[in-house]
Amino acid sequence: MFMPKETKFFDLFDRQIDNVVEGAKLFRKMITTPAITVDNIDKMHAIEHNGDEVNHRIIDKLNESFITPFDREDILDLSNSTDNIIDGIYMIAKRYSLYKLLTPGEYSHKFAAVIEDSVLALQKVVHGLRNNKKSKEVMEQCVEINRLENMGDILRDEAISKLLNDEKDPIVVIKKKEMYESCENVTDLCEHVANIVESILVKNN
Amino acid sequence: MFMPKETKFFDLFDRQIDNVVEGAKLFRKMITTPAITVDNIDKMHAIEHNGDEVNHRIIDKLNESFITPFDREDILDLSNSTDNIIDGIYMIAKRYSLYKLLTPGEYSHKFAAVIEDSVLALQKVVHGLRNNKKSKEVMEQCVEINRLENMGDILRDEAISKLLNDEKDPIVVIKKKEMYESCENVTDLCEHVANIVESILVKNN
Amino acid sequence: MFMPKETKFFDLFDRQIDNVVEGAKLFRKMITTPAITVDNIDKMHAIEHNGDEVNHRIIDKLNESFITPFDREDILDLSNSTDNIIDGIYMIAKRYSLYKLLTPGEYSHKFAAVIEDSVLALQKVVHGLRNNKKSKEVMEQCVEINRLENMGDILRDEAISKLLNDEKDPIVVIKKKEMYESCENVTDLCEHVANIVESILVKNN
């Protein structure tokens, strides 16, 4: 009887994370092609806006549901925190354009790959929520997300040290430093969502 | 029987957010007049200190109360997070002085207005906590706070892009960039408090 | 019957905070001697890695325990947030090296002392969790951590204002500004853990 409603929540979480995956893939394409164009920024904006829609639908569903598959505040936290990932990716994509960094270098390429990998691992984690039996695979993907977050830290340190020690133009330093820090932050946001799912599984096991 | 205690919590939350409103109004005055004076910094410090007092009173009340109007940890979270807003506003006001940015420009004016608007909407949200029937208006003000947070993002991007592309002095860039980022952060803090109230309403409906 | 398991959690929390204390002491030594050497960075990395191990053991224990001394999500939050402190200290130590800031100045010395003091106060708070009767001392140490966090804010403002107004090389400004901000952030992380413990005590009193 309650299953349809529960299923609906999982469908919405799936749509939300699938949308983040679409954003991460477009981001990587924009950075590596490179293709930081008005057209792609618009596409990314549409993806970000789609994320907002799903987030609001989850909150609306929460308000009208008596039975939820897990704690109401965890649903809210999971939904808002997943939304933060696509907000972050959109914000970075836009700033590459605003700051006129139109041919991103090697470190940006590496970050775009780490972000895509992390979001793909997170997709498996979120899809796994629906089926508690999968929780071993979920835990493995959480470890992978943690590894990618560590790699993000290392990449950030390497990229910024090189920048600070080699680049002569301080304005370029300021711009690129922010890009590297923001990219690293996206891997933190992915880890945060993985932690929320981990916490939900710990409580409901 | 328990009402007086419950009312006391709502009174304290009202005092806390009213104090933030006073800070946001003074901040706007300091930025737009401009009047970044020792006297006004002292006034702002008194407001920030008043916020600390109310925050401690809420925590003390929590420790001595058996019955609370909603979950103990939500009261703690709401109180600490509201306190973060006035801490943030005070910190920014002080830095305009410390960094010798005594005649803030157009973007600072706009940020001061967005912050004041967001805090005023949040005041309605927090006042609404007392009366669950008002929850529709609360939800509308939450949407408004979300809109202002988005406007803060856009303002930040516009202000910083212009700064990075036009300003020649890198030290000025560093100073003003931090001011814009900190202002934008205050709108995030307002949205965070609105989310906490939303979550409390979702759980207690 | 359940006591051994409960004790085990407190043992792990003690080990975790004791490890953070070791890191804070090494950090202060590295900054003030100064001794930002490959050898000390390696030692700090070992401490950070030890922190990860304890954090994972706490999460594993959580997954296999039916009875926990307090809410499962609070255990997770406490453990992850304590881990963030040693991650932060390691990250800063490494960056002094990466950014070639090998003879840190007076403000760095002061920050290393404030961080050590805050971590030592936090050690008493976390040790106190085991024995609810001690909660008065715990509360006093929470106040002390709050005071040190305020001192961190003031130190940060003083250090960065001086830097922005006196230092001519913008790259040096960028490097040192980040160090001061990161140090201040460690005092925030300590306060966050103190808040979690406070919240646990409020809920379980």
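Note that the chains take the letters A, B and C in the order they are written out, and that residue 1 is the start of every chain.
Note that a contact is a pair of C-beta atoms (placed from the backbone, for glycine too) under 8 Å apart; a residue touches a chain by one contact, two chains touch by 3 or more.
Note that the structure is predicted; figures quoted are calculated from it, not measured.
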{"item": "Touch-based graph of the chains, sorted into line, ring, star, complete or other", "value": "complete"}
{"item": "Cα superposition angle of chain A on its copy chain C, in degrees to the nearest 5", "value": "120"}
{"item": "Distance between chain centroids, defined by C-alpha means - chain A, chain B (Å)", "value": "27"}
{"item": "Contacts with two or more other chains, residues of chain A listed in rising order", "value": "170, 174"}
{"item": "Residues on chain A engaged by chain B in the complex (per definition of touch)", "value": "59, 62-63, 72-73, 76, 80, 91, 94-95, 98-100, 170-171, 174-175"}
{"item": "List of chain B residues in touch with chain A within their complex", "value": "153, 157, 160-161, 164-165, 170, 173-174, 177, 195, 198-199, 202-203, 205"}
